[in-house]
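Listed below are the structures to be examined.
One chain, chain A, appears in both complexes that follow, with chain B as partner in the first and chain C in the second.
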Partner chain A sequence: MPNQPEAKNWPRWFDPRSRSLGTFGFILNRITALALTLYLILHLIALGQLAQGPAAYDGFIALVKNPLFKLGELLVIAAGVIHGLNGIRIALNSFGIGVRRQRSMFVILMALAVLCIAFFGWKMFMEG
Partner chain B sequence: MEGSLTPKRLEGSGRWLIKIIAGLFIVVFLGIHFVVNHLVAPGGLLTYADVVAYYQNPVIVVMEVAFLVVVITHAFLGVRSILLDLNPTAWVLRAANVLLVIVGAAAVIYGAWLALTIANVKI
Partner chain C sequence: MTGSTWQVTFKVYRQRTGEKPSHQSYSLDVDPDEYILDAVERIWAFHDRTLTYRHACHHSTCGACGMRVNGREKLTCITTIRSVTRNGGTVRIDPLRNFPVISDLVVDMGNFFLRMEKSGFDSVVPLDKANLPYESTITRVSEHKHEAERLADCIECGLCISACPAANTDHEYIGPAVLASIHLMYTQSPSQALIDQADHHTGLWRCHSAYECTQVCPSGVDPAWRIMDMRKKIIGNRIKSIFTRPNEDKKNA
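Right, the complex of A and B next:
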């Protein structure tokens, strides 16, 4: 399947073969962006419980303390950390900073992302 | 490395720059949001009383509404960028522009109303 920017070729986005590190960075940026936008809308709708008073909101909070919701929350944090750190690289490179070192920047920032996700996971599941 | 390093032809340098700058603001706001909501709060989540107490400070209300505006701007410009990856027709792009502006404005108005509602709860 040719890798042309055509709507009908969207399954190619999910094919990991013959990809460079930069393309993985690009795909990670796009997938996390879509996931975070969906979460943003759901988050705003869920926060509507605040307008219905303490019983509605605290009942909702009790529900999301369920481990399954916590796992979903950790995935959101993971998407946010990956998108944010990868985004910092893109912003710096966009202004001509670190363009020659963008591969090593990507690897270092993603390693930092893994550490951040592990830290939040530990805080949420081991302490929370 | 290729990637979204340069503005696309249809994205426009202005919208591209707004997206990048909004993204940098989000890193700061989201850092505060993560710390307050997931590290400081017992059990990682604020109760209703905690949220109301937090919003009694007008600086927090302004910061959270500004955060919402920046997030919505970045997210919806980003969705438009992804749509541009698919080479949409002019009609589809126009329709998407209108839809994104309407949904984005509605989200900001709703979020600001919610923040002000919570800020006006008496404790």
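Right, the complex of A and C next:
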């Protein structure tokens, strides 16, 4: 029968239509978790360059100094900050803290995340 | 009723066993202060007698008429047409998510009702225990000699399960309404059997804090708060058990 819960329905997790703020938190946590997992894999591949000698590693470092890679690094920081702060909200809620205030907590923590991302962006692109 | 008339197109989900689902459009002249269920009934009465849907009380007590209106879970007997569209607009009506469709807007809620029954859900509970702790308790009517009771809030409409993203991918997940019921029963009479029903990966720990259940609940049950409170109790018990010697447990027992 159609309409049953099934694992293959997972793309619907990312559909924000007709959803409330809580689902936006849910979606953000999933996207950032996937992004961080992907980054971890790329990071391990990059570290693997060390095994191929100093020349290969230096070449790789020269490549990642490209502004596009810097933007990528900022996205990694953004994912970490958003996932971490949202995770704190969920952990507190699971201990029964602030459940009735979860929407306000989400808005405040995401505002804090935007400030953090702006700060790191400034540091990386204007000063770095 | 305002006496004004709106022309509204209702796009209604149609599904017969073995056939592909589709949406059928019906244009109706309606009073904007009528309810969505009134329009569905009129479609059935005057346009298409093959349309199937569930309804009973018409005043948000039975929980039978839960559907998705423009994608959002609603109890259609208390959702006015004015609140979801405008004159000349369209209203899309779909069955609840996460329940198998039997026909058109009718879904199979049998499994859900069985889980509610297993939790020992009382639809009537003592007045002081029917409220959530953060709500003010309704004052008992002093002239009543018997202990006052009222309907516990959950009307078993299934809107919370339809809205829950975790329930979307896991048919084993017992869902917000059942977890809220277990919490209600646990607060009245704590037991290990109730904890066992909730404390597993397809119970309390499957919830991913989207809070959609509380958003769509038409009865103010606040399932999300109840799930988090139950988690708090279980985590508290686990932490306590670390600092309690097994012998003390036996003595206390």
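Everything below uses one rule, namely that the second predicted complex is superposed on the first by the 116 of 128 C-alpha atoms of A that agree within 3 Å, B and C clash if a C-alpha of one lies under 4 Å from a C-alpha of the other, contacts with A are read in each partner's own complex, and residues count from 1 in each chain.
The rule we apply is simple: a residue touches a chain if its C-beta (ideal position, glycine included) is under 8 Å from a C-beta of that chain, and two chains touch if they have at least 3 such contacts.
Being a predicted model, the structure only gives us computed values, none of them experimental.
*Asks:* Go through the superposed model and pick first if A:Lys123 touches only chain B, second if only chain C, both, or neither.
*Replies:* first
*Asks:* Answer with first, second, both or neither: which of chain B and chain C does A:Gly48 touch in the superposed model?
*Replies:* First partner only, chain B.
*Asks:* Is A:Ser18 contacted by the first partner chain B, the second partner chain C, both or neither?
*Replies:* second
*Asks:* Answer with first, second, both or neither: which of chain B and chain C does A:Ile88 touch in the superposed model?
*Replies:* So A:Ile88 only meets chain B here.
*Asks:* Determine, under the contact definition given at the top, whether A:Ser104 touches first (chain B), second (chain C), both, or neither.
*Replies:* neither
*Asks:* Touching A:Asn66, do we find chain B (first), chain C (second), both, or neither?
*Replies:* Neither chain B nor chain C is touched by A:Asn66.
*Asks:* Applying the document's definition of touching, compare chain B and chain C: which contacts more of chain A?
*Replies:* Comparing touch counts on chain A for chain B and chain C gives B.
*Asks:* Once the structures are superposed on A, label A:Phe26 by its partner contacts, choosing first (chain B), second (chain C), both or neither.
*Replies:* Both partners, chain B and chain C.
*Asks:* Would you please give the residues of chain A that touch chain B in one complex and also touch chain C in the other complex?
*Replies:* 5-7, 10, 20-23, 25-26, 29, 90, 93-94, 102-103
*Asks:* What part of chain A is in contact with chain B in the complex they form?
*Replies:* Interface residues on chain A, with respect to chain B: 5-7, 10, 20-23, 25-26, 29-30, 33-34, 36-37, 40-41, 44, 47-48, 50-51, 53-54, 57-58, 61, 64-65, 70, 77, 80, 84, 87-88, 90-91, 93-94, 102-103, 106, 120, 123-124, 128.
*Asks:* Quick check: in the complex, which residue numbers of chain B touch chain A?
*Replies:* 1-6, 20, 23-24, 26-27, 30, 34, 38-39, 43-49, 51, 71-72, 75-76, 78-79, 82, 85-88, 107, 110-111, 114, 117-118
*Asks:* What part of chain A is in contact with chain C in the complex they form?
*Replies:* Going through chain A, the ones touching chain C are 1-7, 9-10, 12-13, 17-23, 25-26, 29, 89-90, 93-96, 99-100, 102-103.
*Asks:* Would you pull the chain C residues touching chain A in the complex into a rising list?
*Replies:* That would be residues 15, 21, 68, 70-72, 95, 97-102, 107-108, 134, 165, 167-171, 173, 208-212, 215, 224-225, 228-229, 231-232, 235 of chain C.
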